[in-house]
Amino acid sequence: MSNRTKNILVPVIAVLLGILVGTIIMVASGYDAAAGYTALWNGAFGDVYFTGEVIRQVTPYILAGLAVAFAFRTGLFNIGVEGQLIVGWLAAVWVGVSFDLPKVIHLPLAILAAAAAGALWAFIPGYLKAKFRVHEVIVTIMMNYVALHVTNNVIRTVLSEGKERSENIADTASLRSPFFEGLTEYSRLHWGIFIAVICAILMWFILEKTTKGFELRAVGFNEHASQYAGMNVKNNIILSMVISGTFAGLAGAMEGLGTFGYTAIKSGFTGVGFDGIAVALLGGNTAIGVVLAAFLFGSLKVGALNMPLEAGIPNELVDIIIALIIFFVASSYIIRWFIQRMSKKGVK
Amino acid sequence: ACGNNDAKKDETTGDNGKNTEETFKVAMVTDVGGIDDKSFNQSAWKGIQEFGEENGLEKGQDGYNYLQSQSDADYTTNLNSLARQDFNLVFGIGFMMAEAVNEIAGQQKDAHFGIVDSVVEQPNVASVLFKEQEASFLAGVAAGLATESNKIGFIGGMKSEVIERFEAGFLAGVKAVNADANVDVQYAEAFDKAEIGQSIASRMYSSGTDVIFHAAGATGNGLFKEARDLKMKNPSKNYWAIGVDSDQEAEGVVTIDGKKHNVIITSALKRVDVAVKDLSTKAKEGNFPGGETTVYGLAEDGVGLAKINDEVAAKADIEAKVKEFEEKIKNGDITVPGTLKDLKNFSVK
Amino acid sequence: MGLMDILLIIIPSTLLWAAPLILTALGGIFSERSGVVNIGLEGLMVIGAFTAIVFNLSTVDTLGNMTPWVALLVAMAAGAVFSMLHAVASITFRADHTVSGVAINLLAVGVTLFLVKLIYDKGQTDIIQEGFSKIDIPVLSSIPVIGDLFFSNTYWTSYVAIIIAIIVWFVIYKTPFGLRLRSVGEHPMAADTMGINVTKMRYIGVILSGALGGLGGAVYAQSISSDFSHATISGQGFMALAAMIFGKWHPLGAMGAAIFFGFAQSLSIIGKSLPFLENIPNVYLLIAPYVLTILALTGFIGRADAPKASGTHYIKGSR
Amino acid sequence: MEYVIEMLNIRKEFSGFVANDNITLQVKKGEIHALLGENGAGKSTLMNVLFGLYQPEQGEIKVKGKPVNITNPNIANDLGIGMVHQHFMLVDTFSVTENIILGMETTKGGVIDIRTAEEEVRKISERYGLAVDPQAKISDISVGMQQRVEILKTLYRGAEILIFDEPTAVLTPQEIKELIQILRTLIKEGKSIILITHKLKEIMEVCDRVTVIRKGKGIGTVNVSETNPNELASLMVGRDVVFTTDKSEANPAGDVLKIKGLAVKDSRGVQAVRGLDLSVRAGEIVGIAGVDGNGQTELIEAITGLRKAESGSVKIKGKEILNLTPRKITESGLAHIPQDRHKHGLVLNYPIGENMVLQTYYKSPFSKSGVMNFKNIYDKARKLIKEYDVRTPNEFTPARALSGGNQQKAIIGREVDRDPEILIAAQPTRGLDVGAIEFIHKRLIEQRDKGKAVLLISFELDEIMNVSDRIAVIYEGEIVAIVNPKETTEQELGLLMAGSKRKEAGEETNV
């Protein structure tokens, strides 16, 4: 069996195993597994509306996943995607509500603001890592909390007068699409999915095709050899975090300009940034993998909302299945070993 | 604009013949808290259950139901799912859901929606507001009379209009009965961080505060924990707490030397259940107040104060005063301030 | 408020915050010292908190005031069992440690909330009646000044955490087990040639991290939140992870870091009643703990190196 | 005759690849038995089988005549077999004593009794003449010291049979002398030794018998007294090997590299290079001889831009390059074969092909306006792999999977191919077999003959003597002498390197 086939087979088997164990859990808990999966399917694809919602959910997942994956590929662990997303969201909405501009300028400006805010938020841990060797994991965790409190404060003081949410953004800054809404019976599917896919292509291109990507990955693997080869190690660490943060900020723009159209104070994290870690890992930290994993995640998450209603099954079941799938993908060594054995037997 | 939806509705009607005319189905969408958050989700669900029971409905797709959101992004999807399942009335519980209700109501023009704690201006949405300040005013009265140190505390969850109403009313209530008392106000900036609630309570109690009121959701668990712990350690001293939304009496039980005590004086009730049930009944009877905002206060039995703990020395005094102010508020002698700005001009004469 | 009054509030509150972080960070140290990265601490705390609360609620009638202590042990066991998933995946199945840790976190939340719904048919448990409460430590609390500051109005669990930190330090730095554990995390092949069973040591390291993570969660649940819901453990595991790194993978360092976090948090809450902090806008106090941590790392802690082999798989016969 | 170790018809495969094919090795009590073979011949594998790290597919092992089944290192230890590994098996962050007692700790009441253990270590080290500080941390001691710790580890466990896998590859001449002394002491104390080395001179000096293996197969065992280096080399390689590399007279032209008053501090802030002067001319190879730790590393790092220098001047063809970035320096015409190929030389996770363009990836034809051209890169890689005889399945194989010798050949190919004005080669043949060494020396001389300047840094006096046109002796961060290899002896060099003699270097450097 070729390596390529195996690479595809492993996640497929992992997903099947996850579903299998999910079934066992449902049956053991006295639920109707068939009804559960039917509800899950209907909740995701039973209706164009839900499919629209799935893609809407997939959009920030792709970007958050790319953010984590990009950093991972360059030897950094960005747990701060959540915080970068939150500040990106804020920046996008801020531009969206504060300016009166034609759409061709306003929308790109709002998106750029989100990207810049995410990049800035990631620049700090990148800089501290490059200059002071401070562990990026701690700094990004801390920056998440700082982002949460600071954005809440800005929403209260700058974007509103002591209110808990901003105004709605101007139509000229919105990613919403009447066309898509019509197509999907008013789901919140918006143009952002194209941005997400373009970013995925961009990430692939940067990492695999450009000299910068060659450098970034080299620095991630071996700083000493990269320095020896004449690469600027510090700048590359910072750049890697900045690019990662840009993706995360864009994920925030998807929420601010697409899904919600406003921003509100948050008492906790959105979770999208942390789900991004899972998406990236499930996708093997590759661009195409991230897109596929985000799609799987989005479908499961949106479909799960229908499970309590239609089948009376707690939607946490889907979280369990997602976790199991990640486990199985991570343990691909054992799955590969198994495939190897099976295919050998087959030959005999 | 809703050609699709109409077609779909007809189809469903044709399918099972069961429709609006026969059973009146209600449902609600909660935020991440779920229906047992010991706060307004729980209360709302109670209202829906009562409505269901009274009307012979069963929990499920064909009676009454709820959906819990796992994140802010789910509100819209959940509201929409329920509307698409032909629930006749769908509630969004909490001001955070206003935008989602607004959006879905605009799309699903045939469905009816309710929004609690916020106003959505759509012809098919009934908005529900509460005069939280009236409940917390009474809580303030209780606190002002119960305190011996004249130091009272208020723990807020996150600053918002609703919590501000609680704060303003509480401060006004204290002021009305005890001009000497000081209220120490602190916000936890979270509704789900018990440890912050506990630390704030610890700070307040150890600087001599003896009554603390919270409007902070699960953050308030920390207040109760601190009060119980201190009481257990020092049974002779007073560490009072006041609950919020529903009657939180159960959270205050401390067993000292085999004897049960309770650290909770009372709770400021916000009867989301009353409002939800009321609206559902109206809607069922064809009197759905679409496009209107209904404000539930003391007069409507929408807010109130739970019974006073027997252990409070000033119980009789409190009950009398509470009764007195209840009357005054109901008949309009007193208008309880709902914002800190109004509070400045407030005085009881 | 005088300094003494301030300290009287801040110190117990600091210790209260710190206890779960200390215990969980110690768990992280066992795992990472053996060479297995454990980002699943958060999930292990969730398991511990859930187990402790459910056990507490269901046995309080028979166990009485021993309940919270027994619940701690049960939670440790549950954490240990749960962490075996991480051990099997990341040691035997050669899963990426980080990936497996992320899965642990997701799985813990999913499983516990699913079970809460299954057992209680609602989204969160009731409040426990028999938790850890404030005490004055006998004898010690009567020492002048120090007794009031450090041993009054506090919780047994804080001292349990500190004592365990000292025990862990002793175990890791003074016993053959500790030497072997560290050698496996630094240079597994060297350990192997010295006849040390690398796989076994790593399993032990991970399982201990599960036990301590479970303990941390149980302490949190029974001394702070008093119930279990989706929000009970929200980020404490990551703070423990940060404490472990901040403390440079050293038990006492991690303890110091956890106490520092607790102190910064308490200060941000108590700051309101401090004369020199009262006029500062709330948001600055809220972010202070996190900013202080970043500054501390940048300023005087600087680089921290993980155990050399952490995150790697040891496969016999490969280089 | 009694054998302490008998490995009979050993076969070991790695997923299909036969590393040991029917090899037999018999070691007599009290002898030093050499195991000789090219890189990748299967020596380490065979020893790992004996030590219980690998299980053989076939064959029998007898210890003192008794058949044994060595399934893990513990059993080997119990049988009195100890191994000093090619790559040290030491925990850097532990003390000497902790490393030695690991797995066999002396305890008192469950607690490690470090004092008693240190005493024990001190006793053993005195008995075998292995002076080490039992309390020192591994990361703070020299490689030679580390090796002593490895030896102590085996002795502490009561080993009777000691395996040394390429012990001298990482040692300075001084340390090698000391090691040989230690080996002799061990034999006197009744131990038996298996010694793997590529250095025929060492075999001739200390060994009693030698077993040669080639490409996984046993070639035979000979008595050292009945053979000579040439015979051994051809047994090992399968053809005749030329030792002293043939080269014509140097034709030096103008200065290419000119260093003046260079001062550099090491990472601990100690002055490592103190006002060093040196020049290398076009068409000559200058060798730097010196004992490890006299500033060689810092000198190279300063020239190549990997470390900031305090003061001084380094010019390439008259252009100042001191404290420029590595990239600027490379572009000024400098190439560098680094001393530590894993740390600096390669990105081990990158395919070997991409490692071939590690410094030139951003230039045409490997990339155009920031976009890589992988076709050109791999074309180039294939060419270099062929030209420099890098043995790898293909150009897409990760560098990690190549053997040390092949990794080194790849680096040399890459550096030489850039056609530099000055080539700095640091320990270019460390750990390589004679065939590979011959190949590399030829390449260095080729560069010289093309009119390039070459600076060679090596601890191997043989190499310095054979390859250099001039030898600069470094001592405590200064060049203390410049000598002509034809007019000097190893003894004289040894004295210079030890700092006991100074030669007027002034006028020679300023040619």
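Note that the chains take the letters A, B, C and D in the order they are written out, and that residue 1 is the start of every chain.
Everything below uses one rule, namely that contacts are C-beta pairs under 8 Å (C-beta built on N, C-alpha and C of every residue); 3 or more make two chains touch, one makes a residue touch a chain.
Labels paired with UniProt names: A, C = Simple sugar transport system permease protein; D = Simple sugar transport system ATP-binding protein.
Being a predicted model, the structure only gives us computed values, none of them experimental.
Counted as hops between touching chains, the shortest connection from subunit A to subunit D is 1.
By count of C-beta pairs in contact, B-C exceeds the other of the chain pairs C-D and B-C. Greatest centre-to-centre distance from subunit B is found for D, with centres as Cα means.
If you average the CA atoms of subunit C and of subunit D, the two centres end up 46 Å from each other.
Annotation: 35 Å between the Cα-based centres of subunit A and subunit B.
Centre-to-centre spacing of subunit B and subunit D amounts to 76 Å, using the average Cα coordinate of each chain. Residues of subunit D found to touch two or more other chains are absent. Multi-chain contact residues of subunit A, defined as those touching 2 or more other chains: 149, 152, 268. Residue positions 32, 68, 189, 192 of subunit B are each in touch with at least two other chains.
By the definition of touch given earlier, these chain pairs are in contact: A-B, A-C, A-D, B-C, C-D. Within the complex formed with subunit B, the subunit C residues making contact are 1, 5, 8-9, 12-13, 16-17, 122-124, 127, 129, 131, 133-136, 153, 220, 223-227, 229-232, 234, 265-266, 269-270, 272-273, 282, 286.
Residues 174-176, 179-180, 182-183, 186-187, 189-196, 308, 316-317, 319 of subunit C are the ones that touch subunit D when the two sit in their complex. Subunit A makes touch with subunit C in their complex at residues 25, 29, 77, 79, 128, 132-135, 137-139, 141-143, 145-146, 149-150, 152-153, 268-269, 277-278, 281, 314, 316-320, 322-324, 326-327, 329-334.
Subunit D meets subunit C in the complex at residues 48, 51, 53-54, 72-74, 77, 83, 85, 87, 89-94, 98-99, 101-105, 107, 110-112, 153. Every residue of subunit A that touches subunit D in the complex is listed here, in rising order: 209-214, 217-218, 221-222, 224-232.
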